[in-house]
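Please find the structures below.
Two complexes follow with chain A in common, the first pairing it with chain B and the second with chain C.
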Partner chain A sequence: MSQEVTTLGDPAAPLLARAQAAIEDRSLNGVKAWKAANPGALAIGHMPIYTPRPLIEAIGALPVAMFGGGDQVDIIRGDSYFQSYICHIPRSTIELALGGDLDALDGVVFPAICDVIRNLSGMWKLLFPEKWSAYLDVPQNFDRNLGGKFYGLELRRLARELHQRGAKELTDDALAQAIADENERRAAIAELDLIRQKEPWRVRASEAYLMVRAGAAIPAREHTKLLREFLGIAGDRKTRAYDNVRVVMIGSFCEQPPIDLLRALEKAGCDIVWDDAQLGMRTIEGSIELRTSEGGRSALDALVDAYCEQGAATASRYIGNEVKGASLIDRVQKTGAEGVIFAAASFCDPALLDQPMLETALNVAGIPHTSFKYAENTAQFQVIREQAGAFSDSVRLFGGGA
Partner chain B sequence: MSKIHLTAGIDVGSAAIKVAIVRSEASHEGKILSTVMQRIRRRRIDEVVETAFTEACEKANVGRRDFDYVATTGDADGIEFATGHFYGMTTHARGALFLQPEARSALDIGALHARALKFDGRGKVLGHRMTSQCASGSGQFLENIARYLGVPLEDVGSLSSTAQRPEEVSSICAVLAETDVINMVSRGLGAADILKGIHMSLSGRLIRLLRAVGADGVVALTGGLAHDLGMVKTLNEDLNVEKAKAKGKHVHLECRTHDEAACAGAIGAALLGAYRHDQLARSGRLAAVSASV
Partner chain C sequence: MSENVEKDRSQVRQKQMIANHFERLSRAKEEGKKVVYTFVPGNLTELLGALDLLPVLPEINALQSGMRKKSGGYISAAEKAGHSEDVCTYVKCDVGMLKNGNFGPTGTKLPEPDLLLLSYTGCFTFMKWFEILKQEYKCPIVMLQVPYQSEGEITEEMRQYVAEQIRDVVVPALEQTAGKKLDMERLREQLRWSAKAEDDLVKVWESAKKRPSPIDGYFGGVHYVGPIFSSFRGSEEAALYYKELREEIEERVARGEGAMTPDGPQAKEKYRLVVEGPPNWTSFNDFWRMFSREGATVVASTYTRVGGLYDQGYRHSPDKPFESMADYALGCYTNLNLPSRVNLLEKYIKEYDADGFFINSVKSCNSFSVGQLLMLRELEKRTGKPGGFIESDLVDPRYFGKANIENRVQSYLQMLDARMNRPLVPGEGLPVALPVLGRAP
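So, the complex of A and B:
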């Protein structure tokens, strides 16, 4: 129920503190240390939701997931580049960049999320013409021979451009190794997710979030080691179950919710058994299959196929509404959730456009839901807490219906 | 309910901790075995909870390990031995329904906030309205003024009832209201008139909340100020005046208090704990969340 209780004499507390420090490293000191230890290697930032990190690792570079300034940055200059009716993350990203906090990055990938991130990529090119940047136009056709072919060409373009900037040349062996490393990380995240679902009191959503996000700016192998260490300790934690409501939380895939918002929901009696914050680490569902036994199939083909065939049903993926609705209901059922919380960043078009369709699907399935919006720098959670508390009570005591 | 349940409710308010121990039987309403209210008075919350809970157990003559469900409510974040937590609005609605079975609305007037609730026959909240952040609509404000005037808290109600020429204070802001009170003191107004003026000011705000939420008929008063008989009297006086003026425009309301009104949240939490215990037993999830006091 409370963060204080769960961390009291908690063997996982040092790891959680390490993870917290990693996500608060807004000036990328960890990246600077990595670059010092790997002279000449590039650090490549990327915006949410999904960027193929194994590709970047395979060319000897460090992928660095960028999540804006969170609640640590006062936005002054960032506001002058964007209109008031868009989300927060592009403003704080510009603020960080103009303030020199992102200087350790040698380039940035802007994957196709929404128009705002597309605009940010253009703004970036104007503001930092000397830095490499690329807009990764991910396909919305998931046929391997059409969209897949296009995507493969896009990935090769990125690798080629980065090679020209000093990264290693992309080789099949290096990519296969990077994919294997990524699969190890995904397996560890999947184990963490499973504990959350089975025993949410053992690993709270806010703690799982910290551990997953801690891998944003470190190589996959290092992240896997950290996750494995945490998983090894999780069983020894002295915790116990509370009578909370089990919920799935969706809509937080790009601009991240403040960690205290997750804690506020937990304090309001919600066990968040699945969420789409840190979706980048889970966009590809399951392992990326190398299938080397199939003749002439490269590691890049594996990356492309995984994108086409194993992509999660997210707001930035153009698929039928009924598919997304069915996917959400399936998620609720598989995780044993009793309700859904729509938690979207204010002005997040992809999340807020999907929401009515998803709500309709939930209504038909009789799954209770509630919704609220946040910004990455939201600092007052009382209203959200009251709403979540009322929702938790309603679901537990009255089944969520009228 | 399928069996006899022993449950406890712990309501952590901003000024006091309330504990209720309830025994609930199949197809019968619960029976309150004990209630305890302890003021926090700059003590650590967990310490006050511990002493209040121990006292309630002793009064009810039950052991700490006898509970089926220990439910918290209010600002109870760190009570390790709780089984579950219910939101304050839900518990006050359930407690109000228990204390005033005729009521379908409640007015919870606590130290920092006041809120009006509308609920159905199960205690499910159908709507609510709260006072804004300003403390002028709260018990803490009244307590502060009583202290400035040198009036013991327990005498506020009876003194207010003797007022002859009350003057209403500002209901917008506690700072303005305090300024009003200072002016009244300097003009020689008596404590009774000042306190009645504050009750009238609070009453106006609270009735507006009740109207906004669509309250109807009997209104159960809960929270600390439900024990201020001057407050209760003023509320009903104002409602009667409103009734006379409105000529059927508004549904008539009647505010009722109860000896256990301050503990309504804790009582509601304990009752909901019993209900929830049954639900968990039926769904096979009971073993995982058993109370461990």
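So, the complex of A and C:
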């Protein structure tokens, strides 16, 4: 049984409106204000899924998560750079960049996620040769002495190159502080996720999404403050009962689903108790442990180890000799979900190549699932709403869960 | 090739080599031989050879299925099993083949893998592909992560990361599968044979700088790279094949003959082109004829470099085996960043004295395709040579609209013809923006 927040008199409404405004700030006015308040400091954009934001904060720069143009941008020039069979996020990203909306950024990091983002890094070099950009090869070998060692060198390279362009030099103390700030943020997000799972009527998935994504272009401390404020009033919200099914939604880790799509799923009777739409903020599961008692271990080692040992399973992370889909089934069980919705962006290689393997695992475990595709600028949700409604009805009638 | 066109000695040899390999594979299980599935770019064939492991290359199987007109059915089977219409058709063709009994290119059943060796070079989909096969075959897997050349160079850190993975992860896994230790001297011997074959292949590529070119470096070229890209690099028979091929090409040069086409030797070389992107395999000869019958010869191509940039100086070396294999895996064409790819194409256009360049953008391969429209503009700007652009696919026949593509190719060649007598000045761009030539229906 779920309940719905009545908007009238909702104490969280101003915070949600603030978060919505932050997401719609496509010309990065917030970033410009931050730079004005921090003269000489750099703002560094990063594409999904994961870039270690504490590293960027530790050198005095502002990490800015980039998620394309959503449904706000009319794509004209961006389309002329990409064939019809390529996903939407690179088009809107190029559109924004060519239109000057990303001028506040002093550089962009392109983490290894798929061939589209990888090649976009090269396009960036050709189109904007005066701007700093870097491809970040995250490890797929998770042995700290192999992939970890290489990843550590990659992170040092980024810090060194940014230092040469005006950022502060990376120090162990500054990174340790940035990691501590990140841990605070992660703890707040974990609390938000817990409320969503235990009392989904208090914080809907679409609202949690807004609050998490609102941290895309602000320092971790500021984001934590915003989240804490929201958490503080979440319990005071008035609610109304609905009989919803509990679902996990996956596949949306890069190109973002329109917020109205999340709302359409909610209206179709789904409580989304976990999703990967803002996976970058949740990639490290748990705190990044500094373990200073271990001799000779730096804060950068902690960042590296956290990625290797606590990285969330996702389509862009290699599953070696483990069982494919085991982490998804575990997620379903831990969140008490009754089914899974695969929501992938059209032409998203990682999500769509992963999906049949995960479906196989869910079938074996007897967990119901459904799937659809979207683009960041999808505007019609009726079909998806009907499909999700039919799915939630079938789960209610025939049962679900592992 | 048409049935009535006489095959060269090297072609006959290659055909026999491939038949023998699939024959060995068909007997592998009964003879107790171990089978390792792996990919073309960045593969470690010499290691497999040194340990008497038999390689199977799913990409090669997929393209062969495309040429044998089987891929359409296989892709449908995979899509019915839940694989998205949006993703790589090599993967779906392979999955479909598996679901249909796993009969390989020669019609014999392929043995199941004892190990999946994921050489993760230049293509994200490779990782997903072998995760899918792992779930299907329930066999062990070992992965070699090869960093991307994002800054246009191989750094010492990259080389060491790859070499250490080969030494500490890949070799132990292969030894376990083979049931024996790696003989380093045997590996060095394999690497020597590789370098010998690579020397001869480079001479074959560079013969295309002559007028007329004695080879087609794309359509003909994909036949030439067959042995070295697949199961035979590191073997004496591959070295013999390339020696024979080089001698044949030298004979063609001495006779002043043009490139071989599906209809016999090219009578007159009218246009010299550089091609970017993989070919379409389902209508391979039809596609080739669209160029050859108009007198267009491809003098250099990037697809034929996905298995190694030997013409840019790389050679396998017995001196530091693991580092040498690391450099090979790091140096494959699709592991180069976009600016490096543009530089290489520019170099080919100039060094091979091409009249223009052509991009076949395939739906299946984002590794190749993303950024090609920018490459087109950049190359036109730098070289003053006109570029053509079409969209098709690797092995999905639904994405090869023959009449439509032929129309585009002809339009391009007519435009090239009109412009050849009034070349553009590099840097000034084209007087009129070229349209994107064609899109498969």
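By our rule, the second predicted complex is superposed on the first by the 387 of 402 C-alpha atoms of A that agree within 3 Å, B and C clash if a C-alpha of one lies under 4 Å from a C-alpha of the other, contacts with A are read in each partner's own complex, and residues count from 1 in each chain.
Rule of thumb we're sticking to: a contact is a pair of C-beta atoms (placed from the backbone, for glycine too) under 8 Å apart; a residue touches a chain by one contact, two chains touch by 3 or more.
Remember, it's a predicted structure, so these values are computed and weren't measured experimentally.
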(message) Under the stated touch criterion, which partner chain does A:P14 make contact with: chain B (first), chain C (second), both, or neither?
(response) neither
(message) In the overlaid three-chain picture, which partner chain does A:L153 touch, first (chain B) or second (chain C), both, or neither?
(response) second
(message) Just to be sure I read the superposition right, which of the two partners does A:R240 touch: chain B = first, chain C = second, or both, or neither?
(response) first
(message) Tell me which partner touches more residues of chain A in the superposed arrangement, chain B or chain C.
(response) C
(request) Look at A:G389 in the shared chain and tell me whether it touches chain B only, chain C only, both, or neither; answer first, second, both or neither. (result) first
(message) Tell me the contact category for A:G232 with respect to chain B and chain C: first, second, both or neither.
(response) neither
(message) On the A-aligned overlay, A:N321 touches which partner chain: chain B = first, chain C = second, or both, or neither?
(response) second
(request) Show which residues of chain A both chain B and chain C reach, each in its own complex. (result) none
(message) Give the list of chain A residues in touch with chain B in this complex.
(response) 1-2, 4-5, 240-244, 267-269, 386, 389-390, 392-394, 396-398
(message) Considering only the defined contacts, which chain A positions touch chain C in the complex?
(response) 80-86, 90, 112-116, 118-123, 125-127, 134-135, 137, 139-141, 143, 146-147, 149-150, 153, 315-316, 318-321, 324, 346-350, 352-357, 359-360, 373
(message) So in the complex, the part of chain C that touches chain A is made up of which residues?
(response) 81-84, 86-88, 91, 120, 123-125, 127-129, 131-132, 134-135, 140-141, 143, 145, 147-148, 150, 157-158, 161, 164-165, 168-169, 337-339, 341-342, 361, 363, 366-367, 369-374, 378, 391, 439
(request) Please give the residue numbers of chain B that touch chain A in the complex, ascending. (result) 69, 72, 77-80, 82-90, 122, 124-125, 272, 275-276, 279-280, 288-289, 292
